[in-house]
Amino acid sequence: MDEITQLQAMITDFVKARDWDKFHIPKNLAMSISIESAELMEVFQWMTTDESSNLQIIEKFRNEIEDEVADIMIYLIAFVNKCKISLDDVVRKKLARNEKRFPINNVRGSLGTKLDT
Amino acid sequence: MDEITQLQAMITDFVKARDWDKFHIPKNLAMSISIESAELMEVFQWMTTDESSNLQIIEKFRNEIEDEVADIMIYLIAFVNKCKISLDDVVRKKLARNEKRFPINNVRGSLGTKLDT
Amino acid sequence: MDEITQLQAMITDFVKARDWDKFHIPKNLAMSISIESAELMEVFQWMTTDESSNLQIIEKFRNEIEDEVADIMIYLIAFVNKCKISLDDVVRKKLARNEKRFPINNVRGSLGTKLDT
Amino acid sequence: MDEITQLQAMITDFVKARDWDKFHIPKNLAMSISIESAELMEVFQWMTTDESSNLQIIEKFRNEIEDEVADIMIYLIAFVNKCKISLDDVVRKKLARNEKRFPINNVRGSLGTKLDT
């Protein structure tokens, strides 16, 4: 069985065992993903972009970072479980669309925003 | 090769081909995850919790939902690529910790907040 | 002196006294507003929309809610201080635009989303 | 009548005229504040902290920034209207608490995080 499928099954069991299905509705889970991603951002709130690019600084915060990444992924999986979405499929489809939206020759080295002008 | 590892490689190639590594620093990517999760929330902003539990209503918004889920996952993978985190590992470790934090007999059917009192 | 102007002056003094101007750059403060608004959302994460409309339930969480509202407003003021924006002006201008964008006769009782269809 | 009180009355009228009270429940409005603050963050997503400190760069994005600041403030006011919170009061109380939490002599020039160590 594949990694993502395994994680999905583990999270389904975790929620079912606690009778938390009634709380795990899409609106609430979308809020949860957003709340956990704000907690990840909090680690970087006051860093300069240079500090944030420095792996030694990242190392100091590894535990907090990994904890928040796990929370985001757990809620994202709980969300796709409820909405019957294949994470693998939607990412592959979006990457294919992005290949067309951002042709290499047009965007190389730039994001095409007003920052460039 | 495993699903998550494959997606990680596809995203690494996508970013490298566009020379976007300089933008993909952890602080910015943490913001990106948060911005995309707000866009997912936007789909549910005005729904009641009952409407959000209704799969027929979810179906009307399936395209938007899948698009935003893909964006969150793509940025989450870009983030773990940069910080050298194994998504699979951190989720398994966190679920193991959560098993202890939320013992089934104590929390069944409740989240243990002031809502219960 | 007006309320908002007074709050702006108090926050300028608070930041200056701590020599925190170097941290209070627009990118960081935009993150701060977002982080604090996620903390406000956390209070409502698992409520149904009915529970959230119940003032007795709101009352149980009044302290947390007021604390997070204050944090959002403080960072919003710190942000407009740095970007030289008049909160009063931009709200009045936006409300005037919204009057035209959402004509009363067209939108009464509905938000004009796919939820209605 | 004071600025904030005036803005509160204008927003109450705007919502009432459209019969949007049924959507403006605290859970939804907390989501709205968070969604709009993510849109403000989006302006700064790919800027370095140095670029974000540069007022000439801020100037290029002034319209978007002011638009999002207005949206955050409008939803924050709609939220305090519903929860019967005085924005002015809660900010003054929080600043008084922060004066004690962050004594000038202890925190001058630093935020007291692991970044300093």
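Order of writing sets the labels: A, B, C and D. Residues in every chain begin at 1.
We adopt the following convention: a contact is a pair of C-beta atoms (placed from the backbone, for glycine too) under 8 Å apart; a residue touches a chain by one contact, two chains touch by 3 or more.
This one's a predicted model, so the numbers in the text were calculated from it and none came from an experiment.
Two copies of one chain, subunit A and subunit D, touch each other, and the residues they use overlap strongly: the shared fraction of interface numbers exceeds half.
A count of contacting C-beta pairs for B-C and for C-D identifies C-D as the more extensively joined pair. If you average the CA atoms of subunit C and of subunit D, the two centres end up 3 Å from each other. Measuring from the averaged C-alpha position of subunit B to that of subunit C gives a distance of 25 Å. Annotation for subunit A: residues touching 2 or more other chains are 23, 28, 31, 34, 37-38, 41, 44, 46-47, 49, 111.
Residues 31, 34, 38, 46-51, 57, 60-61, 111, 113-115, 117 of subunit A touch subunit D in their complex. Touching subunit B in their complex are the following residues of subunit A: 2-4, 7, 10-11, 14, 17-20, 22-23, 25-28, 30-31, 33-34, 37-38, 40-41, 43-44, 47, 49, 52-53, 58, 62, 65-67, 69-74, 76-77, 79-80, 83, 85, 87-88, 90-95, 98-99, 102, 104, 107-109, 111. Residues of subunit B touching subunit D in their complex: 23, 28, 31-32, 34-35, 37-39, 41-42, 44-46.
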